[in-house]
Structures are given as structure tokens and as C-alpha cells.
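In the two complexes that follow, subunit A is the common piece, with subunit B as its partner first and subunit C second.
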Partner chain A sequence: MSNRFAIGDSVRVRTAFPAGHCRTPFYCRGKTGTVTRYCGDFRNPEELAYGVYDGARSAVYRVRFAQTDLWPDYDGPAHDKCDIEIYEHWLVGEDA
Partner chain B sequence: MNQRHEHAMYDVDPLHHHPPQADLEDTRLTHHQVMQMAVAELLIEKNIVSADELRAQIDFMDTITPARGAALVARAWIDAGFKDRLVADSKAAAAEIGLDIGPIPILVMENTAKIHNLIVCTLCSCYPRFLLGIPPDWYKSRSYRRRAINEPRKVLAEFGTEIGHEVELRVHDSTADMRYMVLPMRPEGTGAMDEAALAELVTRDCMVGVALPRP
Partner chain C sequence: MTDRRRHHDMGGLPDSEPVPTREHLFEPWEKRVDAIKALLSDDKRNLLTTDEMRRGIEDLGADAYERYNYYERWISSITNTLLQKKVFTVDELGRKMAEIEARQEDKPL
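Coming up: the complex of A and B.
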């Protein structure tokens, strides 16, 4: 399986609100970060939660966000970060 | 049931009320507790696992303590090559010292003079149980999960841990298939300590990132 994103790529989390279980926190939807790691291919929790155990595997990445981008009222220094694991289908490429 | 009784010897008010201490069965089961018990019974009835296997697994999970993580940290402090291997592939590195850290990948996040790491799972309460054992209740609380992500420095201060503003604070939200352990920095003044003594300095909280090891 070839990955759509490479380490260092700028990516945006889709602004989507599908019904049902998913593992993409609300607070990062629509936010832009940087891919820092490819974690491997894993089954989709949105299918696993409903008994689909043989679905396709998908790349999972760690994406780093600036805290000040996630939280408008963040009161720490601008260099503070938040790293989140995100499944590939939740990410879209951002042109640098 | 009438809880009134007499302490004739020393009570000014001999007829007073003791609230009864609830027995385990007196507290109301939650929906998920009932579901968990039902699933466990079904697994046994259908011969998927035996009652003894289920008991043995619970027994095994109770043997896992933060001492396992502390052993990895102490070895990393005295052996730079081991530290590099631990950060690159924790499962393989742990196997070198005879530890099986389980089937879920654990990423080791190294604190440095410039970066402090903190672990949270905002969506539920994912925790490296195969390495550190059962998580503390505060780690599972909604309050920690909500606040560690957007006001982590205040949360750390409440744990007594002040991180200077010159240090980058990096919060890791354990949202999916990885688990995390913080590799704290070796405290100053510990040059003469051996590996076993160093391991004693490394607490669970240090490996979640809410505390720093103290010599």
C-alpha cells in the first residue's frame, strides 16, 4: 500500500461530522498540521465499531499541530505542540 | 433495616444513626458493568475462553506495574545505545532486558532540555497497560482528558510540575493504535547511582509526563 503523505507534509483534517464512532477528535477538525510519523496500516475504527473486522487497512499518521492553532485562547508559549494520530482518510494535502 | 443501636458505655447520645457501609452488591451496576459481566459469561458458556483463563489474564494484568517502565528508563539512562534503540523500537529494546511489552506498539517520547512530553487520551483513556499496568483514576477522568489537551501547563502546575516557557510542551493525544510512554531526563546529582537505584526514581507519573524524577 502506498501512502498519500510523507513526513513533513502539510495536511488539513477534514471538517466532517459523520454519524457514529470515529477516532478523530473534534478539536482538530479543519486544522492544519505537519505529518511527523507514519505509524503503520490499521483497520478503520469506524468499521470495527460496527463489527466489520475484515475491512481494508489504512495508513495512520502522527500529525503535529501548534497549540495556538488548535485553541484560540491558548495561554502557553507559541512553540507548544500537540501530536495526534489520524487515519489517512481524514487528511487532505495542503499546498505549502 | 434499623441502624440504631446503643453504646451504653461512652455515648452522650446512645441512640444515634450510623450510615451503613455499602457492600459491593449494594452499589448500582452501570450499563457497561452489566454488559461486561454478560459478555464474560457468554464467552465462558460458549467455550471461547474458560473461567480459569479469564481469571488468569486478570491475575496477569495485576502483576504489571510501573516498575517495568522504570527498568527501561534506568537502562536508557546508563546506556545511550539502548536509549536510541528504545526510542526507535520499544518492543525490541524491551525484549533485550527480558520484558514483553505486549501486542500494541508503544512509542517512547524522550524529554530533553528543550522538550517536555505529556500523554493523554482525550477520546477514552488509552494507556500503555502492558508496560505500566492499570492507569490511575485521574488519567481516566474527564477533567484530566479535557484540560491536559488545552491547558496542559496549568494541569502540570497542579501536579507540582512547572515547565519553563523556554521549553516546548508537547502533548500526545493517544487517539488510535499507538500507546505512549515518556522517557524522562536523568536528574542531576545521580551520577553515582547504579541502575537499580536509578529505576527507583522513575515513577508512573514521570512516565505519563505529569512529574519529573527527583534524586
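Coming up: the complex of A and C.
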């Protein structure tokens, strides 16, 4: 499986609000972060949650966000980060 | 945009209570629910994925989500999923629950 993103890539989480089960936290949608790790290929929880046990595997990335980007009123240190593991179909590339 | 957040997806909400970090004991029934989940998801049975259980918990609705404790959410979701998968019927479940209730009444605590 070829990975769409490489370590160091700037990625944005899709601003999407599907009605069903998904693993992408609400608070990071629409936010931009940096890929720090390729975690492997995994079956899609959005299919596993509905009885599809044999769907295609997809790349999962660890994406690092600045806390100040996630929370407009964040009052901790400016260098604080938040790492979130996100499935590839939730990410779009940002032009550097 | 906030109204498009699903109820369970509450990470970072300003009114969230602090997470209690102290260890606490589980009731015997809670341990049993945990064991039931593990057995249903093992390679031999493969009847329920954690994702399906999560989906069922999220679909309980905001009211039940708040009212139920952790393992009550688990067993509610497990039950609904197994009904949907025709592992047992509503009637079978009802009769079994009545049978167990009657057994408990016979037994002094």
C-alpha cells in the first residue's frame, strides 16, 4: 500500500461531520498539523463498526498539532503539542 | 459548528469534569461484562468488534449516555448488537432475565 503522506508533511484534517461512528476527534477537524509517524495499515473503524470485518486496510498517521492551534483560548506554554492518530482518508495535504 | 459534534465526542469541552485518577474497585457484574466482551470478540467467536461496541454506545443517545455508568453502556451496546445479529431474540433474552431474577429471589443474600 502506498502512503499518500510522508513524515514532515503538513496535513489538514477534513472538516467533515459524518453521522455514524468515526475515530477522528471533533476538536481536530479542520485543523492543520504535521505528520510525525506512519503507524501502519489498519482496517477502517468506520466499516468495522457496522459489521464489515474484511474491508481494505488504510494507512494511519500520527499527526502533531500545536495546542494553541487546537484551542483558541489555550493558556499553557506555546510549545505544547497534541499527537493524534488519524486514518488517511481524513487527511488532505497542505501546500508547504 | 458545535451542534454537529456528537454527544460522546466531548474531548476538551470546558465543562467536562476532571478525570478521577484514583484506582477504584469493580463490581463482580462489571468484571463479568468485561469477560463477556472479550469472549465475544475472540478469534473463535468473532461476533463483536470493539468498533461495533463503540458505535452502539454512541448510538445510545445523550440521555442514556449520561445516565449509564461505564459498564452499563458496554452491556447495553453488546445486547443491542447481539439482537441485531440474531444471536438471540428479544423473547429469549426476556425469558432468560426473568429466569435469573427468579433464581436470585430464591437465594438469601
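By our rule, the second predicted complex is superposed on the first by the 96 of 96 C-alpha atoms of A that agree within 3 Å, B and C clash if a C-alpha of one lies under 4 Å from a C-alpha of the other, contacts with A are read in each partner's own complex, and residues count from 1 in each chain.
The rule we apply is simple: a residue touches a chain if its C-beta (ideal position, glycine included) is under 8 Å from a C-beta of that chain, and two chains touch if they have at least 3 such contacts.
Model, not experiment: these values are computed from the prediction.
J.: Please tell me, clash or fit, for subunit B and subunit C sharing subunit A in the overlay.
T.: clash
J.: In the superposed arrangement, which partner chain does A:Tyr87 touch: subunit B (first), subunit C (second), both, or neither?
T.: first
J.: Have a look at where A:Pro72 lands relative to subunit B and subunit C in the superposition and call it first, second, both or neither.
T.: After superposing on A, A:Pro72 lies clear of both subunit B and subunit C.
J.: Can you tell me whether subunit B or subunit C touches more residues on subunit A?
T.: Between subunit B and subunit C, the winner on subunit A residue contacts is B.
J.: Return first, second, both or neither, reflecting whether A:Gly20 touches subunit B, subunit C, both chains, or no partner chain.
T.: Only subunit C is touched by A:Gly20; subunit B is not.
J.: So, does A:Tyr53 touch the first partner subunit B, the second partner subunit C, both, or neither?
T.: Only subunit C; A:Tyr53 stays clear of subunit B.
J.: Give one of first, second, both or neither to describe whether A:Pro45 is in contact with subunit B, with subunit C, with both, or with none.
T.: In the superposed model, A:Pro45 contacts both subunit B and subunit C.
J.: Looking at the overlay, does A:Gly8 come into contact with subunit B only (first), subunit C only (second), both, or neither?
T.: Once the two structures are laid over each other on A, A:Gly8 reaches no partner at all.
J.: Subunit B has the stretches 6-14, 24-32, 168-176 or 186-194; which one runs into subunit C?
T.: 24-32
J.: In the superposed view, which residues of subunit A touch subunit B and also subunit C?
T.: Touching subunit B in the first complex and subunit C in the second, residues 25, 27, 45, 70-71 of subunit A appear in both lists.
J.: Show me the residue ranges of subunit C that touch subunit A in the complex, using the header's touch definition.
T.: Residue positions touching the partner: 4-6, 9, 11-12, 46, 49, 51-52, 54-55, 58, 85.
J.: In the complex, go through subunit A and note every residue touching subunit C.
T.: Within the complex, subunit A touches subunit C at residues 17, 20-21, 25-27, 45, 48-51, 53, 70-71.
J.: Could you pull out which subunit B residues touch subunit A in their complex?
T.: Listed in rising order, the residues of subunit B that touch subunit A are 105, 122-123, 149-153, 165, 168-178.
J.: Quick check on the complex: what are the subunit A residues that touch subunit B?
T.: 23-25, 27, 39-40, 42, 45, 60, 62, 67, 70-71, 74-77, 79-87
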